[in-house]
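The following pair of complexes shares a single chain, chain A, combined with chain B in the former and chain C in the latter.
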Partner chain A sequence: MTTLTATFKDRSAVAAWTREHGVYIALALLIVYNAIATPNFLKLDTVQLLFSQVPPVIIVALGMALVIGTGGVDLSVGSIMAIASAVLAKFVVGGTPIGLAMLYAVIAGLLVGVFNGLVVAFARVQPIVATLGVLVAGRGIALVITGGALVELFVPIFKDIRLGKFLGVPYVMIVAALLAAGVAFLVRRTAFGYRLLAIGGNRRASVLAGLPVRRTLIFVYAISGTLAAVAGVIATARLRASDPSYIGLLMELSAITAVVVGGTPLNGGRVRILGTVTGAILLQLLESTLVSHNAPDSVARMVEALIIIAAVYVQRPSRSSR
Partner chain B sequence: MTAPTTKPQKTVAVAADHGGREAARARARSLTSLISRNGAVAVLILVVVLGALIVPSFGKPDNLRNVALAASFIGIIAAGMTFVIICGGIDLSVGSTYALATIISAMYAPRGSFIAVLYALLAAGLVGLIQGLIIARWRLPAFIVTLAGLTGVRGLVYFITNEGNDHPKIDGRLAFEALGTGSLATIGTPVWIMLVVFGIGWWALNRTPFGQSVQAVGGNQGAAELMGLPVKRTQTIVYVVSGLCAGLSGVLTTALSGGGQEARIGDAYELSAIAAVVIGGTLLSGGVGSMVGTLAGVLLLFVIQNLIVQGANLNSYVQQVVSGGFLLVVVILQAVLSRRAGTSET
Partner chain C sequence: MKARRRIAVAASAATAAALLSACSTGSTSSSGSTSGTDASAAPVSTTLGAATNGVPAAITAAGGTTLLTTPKPDGVEAQYGPICKGSDLGIGKIDFTKDTIGWAQSEKEANPFRIASTKSQVDTAKAKGWHLLTTNAQSNVQQENSDIKGMIDKGAKAIIFSPINSTGLGDAIAYAKSKHVAMVPVDRNITGVQGCKDVGPQLGSDFVQQGRRAADAMITATGGTAKLAILLGASGVNVTDDRTAGFLDELKAKNATGISVIFQQTADFTREKGKSVTETMLRAHPDVTAIYAENDEMGLGALAALDDAGKSGTSKVHIVSIDGTKGAVQAIVDGNFDAVIESNPAFGPAAEAALDAYVNGDGAPAVTITTDNQYDKSNAAEALSSGKAY
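Coming up: the complex of A and B.
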């Protein structure tokens, strides 16, 4: 009897550990697989390439993780990237210094985020529909700003954003890491972070407990919008152009996938920042692995679908904790 | 059971009410509730009448026929989506499933109409079944499972079309083409098929035990389980229904166009379908919703789009801004109205 309960405990402990660390295990496995099966994988170039590709997803996913932590979802992030890119192009073409233009682009994202937050907090529209409206309208706004055309941008600093490295680490990855640290601090060490998780856990109880629910929600969507705009600026620098019909397309799906694969539950009340970053890296590495093995795009998509299902299956709540 | 989120009506208070003030308030509440429930129908009538008065070209029978035809494809998808959302779920995979059925029905057209339609619907139903089983049995979040479905099924579509390079066409005339190109009383067959789908959907939702289960599961899954309702079976079936609707819509598209579709067809259709359902007054939280509302929601989306094209000479980007803005206005009004009516919690 005692041995039976002991093994039972062991097994549930293993299950719990896998649940908590699934995304890290998956990333480790994928790295080991690549080290063995992919030629030239363990070279600095490969890692640098990965680290220069993944930051936009990480940055958007950080904001998305906060929104999902409140029990919401932000579908507008891809369109916000496009708006930021269009605003950047508009000001650069108009002769504004690049630093100021970037600032305006980020402010544009902040404003869209605040709008999302107002609609969710005051009108109490369900986040998925509110941000769906902004997804549709936002890309239209971006296209209106640039007149629908691709705007090529020749700005010296874009080369630094694209290729610059500090001690071998691309600048953009350093920015992503700093933002991740900032968001982690926000969630774990500030009253704002606790409020955010409380709202995700139970919005009604948070209202009754006298928490500033509306203000917190507006802040959360504003952060998500701001981060999406930063990602939009980086994407523009990498493309060397502003293409509002392309930049940030389907980014909302990549970001949500990274967050969920990283172990943040969709119904809110819990946020995992390191998991989110790992999830984003995992998905990017998966994609480049499939590319380096000459898997066609179609197969890559199907494999991605299976990975998503596997990730949420491993992390599904156990029966007792439900 | 039909509206578990509704707060208990204060019948006792009304009975003890002397000045009739409570009764008046209850009447006002039921009126706002009526408007918010059937808001889409009212707005649709208003917009169509005003549109016809202001924009002469909008009211012409030919134009209205075209609007209805264009709306029928998203309409059929939205009918299935209504079941999923009332059941408390969501189906993001319908755009990809629609594409799969479009391609398969064109691919198998050489083997006859029956096989082409059958295979397309089987594939679409199977997609729904697999997702439904995963969601119901493993209790994984519908949003993520169908998000994987969106990605995976689109991958499958690219796989069977040789990475999007094949555009299977129908050679010669086939019986099932009449499904798309035919017309009855001058109105295109797809429109009639959409109306039949909505009719069956209304009946199934409001007049059958299955419909009752769908509403109960969406309202409160735990309570539905305790009542002994077949929760898992209901959850599985709604995704099959949604898959089949997306498949039927895909088949009709091939029938109308004769095939030759791009592999990316149906991209973002899930968003239009969800928008139509929500505009129609179905709550995303599940438990409450109406087929009539969804039909009005779909028509409203397409009427507005058509009015923008016909009335104002706007380019496609501004059109996008207007349709997004319109969606926002509708959902904000709805949220405010339904709170006034006391049908939504904090």
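Coming up: the complex of A and C.
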């Protein structure tokens, strides 16, 4: 750390550097700790497991990053996962070909996302309130669709989704990486991306500048809903069952955490995609680490809380940089 | 999943309130799980208690004082006095053709146990022509308190309820007492009460005994040698503590030193957690040879993880779980589970009979423990075809 401090002129620069890179350092430290302390950690198998468990979080967090970039938040993602899972189960059980059923599930997520966007854009309801409504109602809808119970789904393709690998990398991780690249392109290289960040920076100014604010917001929430639905399909394939009571439960908070830990400010105007992906991996690895080490529930909760508090502390806006 | 959830709770924290709630969850659960571990470590006998007059401590806590030797009805394992009469609490007779009865379920009817539990109550009420109100507290103890009070306010003369936990419903119980409403807890017993003075007849399963029987089944299945992982239920719930304490105590009592517990982790009674925890566990402890799951759903989650790892089948990893749901009993038939200890959810007829005797008849025993079946290779197929597995 001393060399780092020397490189920077003052403490706020250190703070800014930590904010930008903290998540990578944290992940590196956690990997080093595991390499030393966790049995079998450095095996391909273990890495493959991590990469098969983490994609739903990454995918949901990507959509969340965009929403947070506009200065909003989408609390409905977990419930959208449940809805997508329930829709998938309904159609599969009804005999619809699996590809079509998966498409319908994703469309269901898209529609809920569009609904969120419409409410936020036109009714001018605070995003946290609008999506909170869907968070509560959505899981109820999912439960109604499946009749409340867990539905087992024995679909051959689910096994490929769960276990399939290309050059040793699980398909689902490749999907997550491609989606991350797509979202990064959207943010960095398209007019839509600039508009999104402009709205997050200052919605009023964006309106005054004549930007299509409403249309952009609807798009952003639609993307978030769609990505959540994709994650819901993957989670269903992983469990080989649709369990609308639990699939995606509290995923909104995991996703927000991944985004914030990854260095995206909660008040909008900036989006960090690689940081978000790294944040999601960090959270998943942290969970596996605690499980591998047989940490009692109580200890696990405290360790996690401490790490999060540290992350949030680092992310706090400093006086000089704001 | 859960760990992530917990993290997230804290992080949503941008607000201090969320941080506080994360801390308080942490501490509550720590007390819950600690008591479980402690009980399992040494003084299990005090939890179960061979205690006074052959009455286990758990029964004493639920208000039972003496083991009744009178003939037991079908499906009853044991009954403990005193005999409760509604009139002792000033509860009048109930006309089941006119009066309203309430049913308060504790958790979402999402897993087979809860579905069967509510179905049993609703079916019994239908058959008897009762006016039945139903509520579901969605795992929230405050919700259950207000659900029960709400039904009393709507005129319910009796409440049959499945407590979320053995403690925490004092508010609703006191309210019912003040309104002279009959209270019949089923499944989990209300503890810290004096027999018949706070609630009416209690009907429950003996969760400690379920844990003991699971241990016996595990010893039989593994021949007494295993590297064992335990998937614990939700933290801070007495069912989890009882099933853990009974299991570990029985291993000790049977001197099963060949079974070493190499892993213990909560999987929240859900299939998803059961799967993800088992996946991670299999990487850190690939040598595991047996899994004790404190409910069927976690066991089935573990099976899904084993299947993905090419390790399913009792010849590779033994599984014993508790509940008796169709999925788990089918897994015995398929050769993936060794045994399933039943936790009978169908309290409807017994609750109806106990309530009737309590308010209109000669009274009902303070605590009744229902009989739980046990399934293994010898009777699993029959349990499925006869519909005994729910």
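Just so it is clear, the second predicted complex is superposed on the first by the 308 of 322 C-alpha atoms of A that agree within 3 Å, B and C clash if a C-alpha of one lies under 4 Å from a C-alpha of the other, contacts with A are read in each partner's own complex, and residues count from 1 in each chain.
As a working rule, contacts are C-beta pairs under 8 Å (C-beta built on N, C-alpha and C of every residue); 3 or more make two chains touch, one makes a residue touch a chain.
All values reported here derive from a predicted model rather than from experimental measurement.
Once chain A is used to superpose the two complexes, chain B occupies space that clashes with chain C. By the touch criterion defined above, A:Gly201 reaches neither chain B nor chain C.
In the superposition on chain A, contact is made by A:Arg162 with chain C only, not with chain B.
Shared-chain residue A:Val136: touches chain B; no touch with chain C.
Of the two partner chains placed around the shared chain by superposition, chain B is the only one that A:Val144 touches, whereas chain C remains out of contact. Looking at the shared chain after the overlay, A:Gln53 reaches chain C, while chain B stays out of its contact range.
When both complexes are overlaid on chain A, the residue A:Val125 reaches chain B alone and has no touch with chain C. Which of chain B and chain C touches more residues of chain A is settled by the count: it is C. In the superposition on chain A, A:Thr257 contacts both chain B and chain C. Of the two partner chains placed by superposition, chain B and chain C are both touched by A:Pro296. By the touch criterion defined above, A:Val312 lies against chain B and chain C together after alignment on the C-alpha atoms of chain A.
Among 151-159, 205-213, 223-231 or 313-321, the region of chain B with C-alpha atoms clashing against chain C is 151-159. Touched by chain B in one complex and by chain C in the other are residues 143, 148, 253, 256-257, 260, 266, 296-302, 304-305, 308-309, 312 of chain A. Within the complex, the chain C residues that touch chain A are 1, 3-14, 19, 22-23, 25-27, 29-30, 33-34, 37, 108-112, 115, 232, 235, 263-266, 270-272, 275-277, 279-281, 283-286, 297, 301, 304, 308, 327.
Those residues of chain A that touch chain B in the complex are listed here as 73, 119, 123-126, 128-130, 132-141, 143-144, 148, 203-204, 207, 253, 256-257, 260, 266-267, 296-302, 304-306, 308-309, 312-313, 316, 322. Interface of chain A with chain C (complex): residues 38-41, 43, 45-46, 49, 53, 57, 143, 148-150, 152, 162-163, 235, 238-241, 243-247, 249-250, 252-257, 260-261, 266, 283-284, 286-288, 290-294, 296-302, 304-305, 307-309, 311-312.
Those residues of chain B whose C-beta lies close enough to touch chain A in the complex are 90, 134, 138-141, 143-145, 147-159, 163, 271, 274-275, 278, 284-285, 315-325, 327-328, 331-332, 334-336, 339, 344-346.
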